[in-house]
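Here it is, the structure, as structure tokens.
Note that the chains are named A, B, C and D in the order they appear, and that numbering of residues resets to 1 at the start of each chain.
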Amino acid sequence: MIIVMKPGSSKKELDHVIKTVEEMGLKTVLLHGTERDVIACLGDKRDIAQDFWNAVPGVEKAVPILAPYKMASREVRPTPSQIQISPEFALGGKTVGVIAGPCAVENKAQLLSIAKSVKEAGAVGFRGSAFKPRSSPYSFQGREEEGLKYLAETRDEVGLPVVTEVLSPEHVEMVANYADILQIGTRNMGNFVLLKAVGEQPKPVILKRGMSATLDEFLLAAEYILSSGNNNVILCERGIRTFENHTRFTLSLSAVPQLKKLTHLPVIVDPSHGTGKRDLVNPMSKGAVAVGADGLLIEVHMDPEKAFVDGAQTLTTDDFSTLMKELKPVAEAVGRDI
Amino acid sequence: MIIVMKPGSSKKELDHVIKTVEEMGLKTVLLHGTERDVIACLGDKRDIAQDFWNAVPGVEKAVPILAPYKMASREVRPTPSQIQISPEFALGGKTVGVIAGPCAVENKAQLLSIAKSVKEAGAVGFRGSAFKPRSSPYSFQGREEEGLKYLAETRDEVGLPVVTEVLSPEHVEMVANYADILQIGTRNMGNFVLLKAVGEQPKPVILKRGMSATLDEFLLAAEYILSSGNNNVILCERGIRTFENHTRFTLSLSAVPQLKKLTHLPVIVDPSHGTGKRDLVNPMSKGAVAVGADGLLIEVHMDPEKAFVDGAQTLTTDDFSTLMKELKPVAEAVGRDI
Amino acid sequence: MIIVMKPGSSKKELDHVIKTVEEMGLKTVLLHGTERDVIACLGDKRDIAQDFWNAVPGVEKAVPILAPYKMASREVRPTPSQIQISPEFALGGKTVGVIAGPCAVENKAQLLSIAKSVKEAGAVGFRGSAFKPRSSPYSFQGREEEGLKYLAETRDEVGLPVVTEVLSPEHVEMVANYADILQIGTRNMGNFVLLKAVGEQPKPVILKRGMSATLDEFLLAAEYILSSGNNNVILCERGIRTFENHTRFTLSLSAVPQLKKLTHLPVIVDPSHGTGKRDLVNPMSKGAVAVGADGLLIEVHMDPEKAFVDGAQTLTTDDFSTLMKELKPVAEAVGRDI
Amino acid sequence: MIIVMKPGSSKKELDHVIKTVEEMGLKTVLLHGTERDVIACLGDKRDIAQDFWNAVPGVEKAVPILAPYKMASREVRPTPSQIQISPEFALGGKTVGVIAGPCAVENKAQLLSIAKSVKEAGAVGFRGSAFKPRSSPYSFQGREEEGLKYLAETRDEVGLPVVTEVLSPEHVEMVANYADILQIGTRNMGNFVLLKAVGEQPKPVILKRGMSATLDEFLLAAEYILSSGNNNVILCERGIRTFENHTRFTLSLSAVPQLKKLTHLPVIVDPSHGTGKRDLVNPMSKGAVAVGADGLLIEVHMDPEKAFVDGAQTLTTDDFSTLMKELKPVAEAVGRDI
């Protein structure tokens, strides 16, 4: 950490800062500059709030040198983690994994029909929400436990691991009983109680990036899960909130290669929520694979117009089959397969 | 709702849209334009997802005419709501209410000392978090139930109602046992399970705006609480995430008069989190009162440098007394008192 | 256009709005809703400011139905435009065109050496700025006319058309004398005097998206050039300003397929400025091609560390050769070549 | 400047960095950390691009310690500058100065009538644009030189200094012939050729903040004018682009006190463009004065509905008189007058 003093700060203030740093167990080196004094603090203490220093008299700012997360970092684990989502498939290896399915669980027939179709097209996982976080209390809120049962039955019949969202700590056990992979949605990335709860069970977790989270905040959210004991965290870029109005969110594909540099965890992309527009899902899926994503999360429905939610961004099963065929050469072009 | 068809959409697509709208119980008026057809849909149906229409063949977009929230709207309740936060004080009336206290509960002595000081300076409520939502799992997470007890004892000794944050549905009952007002933090504005839980108990709720929430989304979050049975919702603008880097967030003061037009609920402002900088708290508090805020939420500590968290944005008790004196003429200048 | 009246607006206000619309030469259809009146306005008038209506008593909002640009739109010209940038190459066809070169013109030897190298690697154009828009007045501002001469000589010797930025209307003629393609930078997308000036000469123009421009604003800026008489406009996505801090800007790749739907103009991507980080240029270039970009604009230097400006985002000539080889299968995977 | 090396960087890379820094005339202090090496660079060199370092092998990042602007900074000039905009009034002193007038110059009668009215209400300057930067080429573009004449005649008859926008370097001389204060609009904050041109003439310049400019970028734009020889720069916050959709832009009032700390230049606020909504102009004007603005820039028209542009955000002359009366106690409440 580097502490920059204000111009004109007093000797007393300087001494106080140095004393405080040293009481924290860090070594200090004082640098007299032409306009300011700077104190370099040496030692491995990631967890001293940068903020703290801004409150200390005479201090202009504190500049951290180390990343604030540990277990998620490449420095701690230099090689990519592969996360087994089914006996057959691990995310994070050479093969790009596509997880597909409807936004919301509607009924058993719907699930079976879509699951068979996406499996045939090459999906390695099946998604569907039984608990739906909806902006409006008047919108359909999900089939809840009944929906979870449908998902589990679909897994048993079709043979794809199922991903479903969990909204509350008290539901974690129930959801983990039925599902193979738990999803934390964008609105819950900062729900730290929920992060700890999914960290205390062993099933893989897909953690969606908060729609206004920096990558540091995203990796710290992953750190909550990792430090609670669960190493099976899959990161998902799903669009950020910007001024752009041609899409529901701005899908930030540069987050993918940047995350791959910072962390060993697999990174997948959700082009359906990230754009909110069906006709952008195909090109943005290709873009995601081209920049190095380890997987995709895609909404698919037999009849998007009849989907209970998010029809606008949902592919038909036919569109999805076409997409999977078109993705294959893109994956191969960047040294992957699918 | 207005449905705009794509140029070149077919007669069959048009007929399908009209039929679908009418099956929903709405009346339609078809408008043939020079380049497009437009279908006006008449009737009171707020809850038809705009998205749905984007999935229907031939449709370019659907434009809603009504706001998506009801109970929070001025149309349903044209006069401002006043919310009683203590036997002595209601937020939303002529008097601007200032709630102050430390970011985190540290110990009993700290609370008592700050509470006495802010009460003397004119605060009408006391704030302090026993459960802290922290970006890093390695940061101080709060005193939890012990902290709640300290808060309740402080209330009993000093006579100010206490506001504290609740992070999880399973804690709602416990927190409501000790506190007078429950706070939902910015990271939980989209935690709909938690919103319903605080809506099912009667104590007032301060709902902080999500850091990337539009006003519609903010009012829909309030609607979750209102529609669960609790009318005592206080809205709090606390800064939004933008590209600006001179403050931690961008405090959007225009949200205050705009919310006052849209809703009958009281609106308060948190200039401490909204700026993250102690020396901006004073001017931004004055700005908030000048634009019409019904109250303020301010972090105060005896010794901000020794505060466990967020020292950088915390006023000393002396600074706070000065601020309260300086706020009085500003409040009076806009026809309020304090 | 659809005009939505406020609830409770008077008959007089309504009549006034209808009269005003009809005086503009539009037909009106009045729709009595359950809570509001809505007036549909029929006819082709794109240029009535939406804003105007917000100032009219009784009006809540006006909703435009038509896009505000004409000549740039697909509706006016449904097939893609191809723009000849050299006798050998047109942007906007099957072949993805890569334009590469240093950020700033330094000297003749530098240009020749880089130009030969990028041509050999497969570039179809050469870029370099003789006029540099720099945030700080103390930074290197460019070689100006001397630099333009070097560029022209390099074109003559190496045989690649040269792209260079023009900063001011008074320089348009001079720059057009030397260069083959004129570039309008992100900071000048809203410099309408400059847009008209480049529209009044015939050489192709690369128009960079303003860093906070919506796609409508971007296409309206193109419309300034088109409506001044120059049809040779190439659009360039170069990153938008968001809260993200891991890149200098957020490269919005979804803008590419969305623009391709809205306009017939070619769309290229600048991954160098869009990320500001050398190691993200390679993956983001692949992503850009995968989502359908017609070309790329890439910074290349023999020795980026010695580059006068923007070294951090500049590829070495070796990196660039590698990138071109790696882009080929990606282009082919999406039905293009390079 | 602090240079942070990558973990695992080589001795050779480290030596190369130290040598490069010392060749720039800076002293170095090497700090061996537990995970990284850090090099502190001592000396007054503001203009070394931070970017440069990111391109140097082995370097992770460079952290600047000094602000990049000089002449605009408080460090160079610790007391506030007052800028004389007329023989009677200087902006930047105790009295808050309000400049008002129509968005666009329409005709002489319009100007005279509005100017008399705003002068009577207490305005100290008159604004009106003869050159209008419009997003669409099909919108009204201004009366140009004819409009400038009307403005000058209005100044002569009514006695208020006139502010008008200049869009292009070639117009600077003409505009300065007629106007008393030149305005640089938000779209031209990064038009550095224009900034230099207005810096080479002596009349005061109102520089509007770019809609996505950080405060550093804003002050560097001011530095272009100052370093060209013109010290009379007035900064204007006019709203930034964010995801918020209830206003046209988000007026960032915290920029005002923050700028007042960083620079000696006066800071004014434009609540008309900053909100785009007439009914928010009154509260946001009060907010601006309460946070410490030195002045306001407000759009006023006899009949906003008939205004050629921006009617939606324009006050009537009656609204303006009311606002001026209501602003007086707010200014007094914060130790100013008006």
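As a convention for this text, a contact is a pair of C-beta atoms (placed from the backbone, for glycine too) under 8 Å apart; a residue touches a chain by one contact, two chains touch by 3 or more.
These figures come from a predicted structure and were not determined experimentally.
Common neighbours of chain C and chain D under the contact definition above: A, B. Between the interfaces B-D and A-D, more contacting C-beta pairs are found at B-D. Chain B and chain D, compared by their mean Cα positions, are separated by 31 Å.
Note on chain placement: the centre of chain A and the centre of chain B lie 26 Å apart, centres being C-alpha means. Per-chain Cα centroids separate chain A from chain D by 39 Å.
Annotation for chain B: residues 212, 241-243, 245, 277 touch two or more other chains.
By the touch criterion stated above, chain D contacts chain C in their complex at residues 46-47, 49, 51-57, 68-69, 133-139, 167-170, 186-194, 196, 210-212, 217, 220-221, 223-224, 227-228, 241, 276-278, 304-305, 307, 309-314. Contact residues on chain B toward chain C in their complex (touch as defined above): 2, 4, 7, 29, 31-36, 38, 40, 42-44, 63, 65-66, 75, 241-243, 245. On the side of chain D, the complex with chain B involves touching residues 212, 214-215, 240, 242-247, 250-258, 261, 274-275, 277, 279-280, 283-284, 286-292, 326, 329-330, 332-334.
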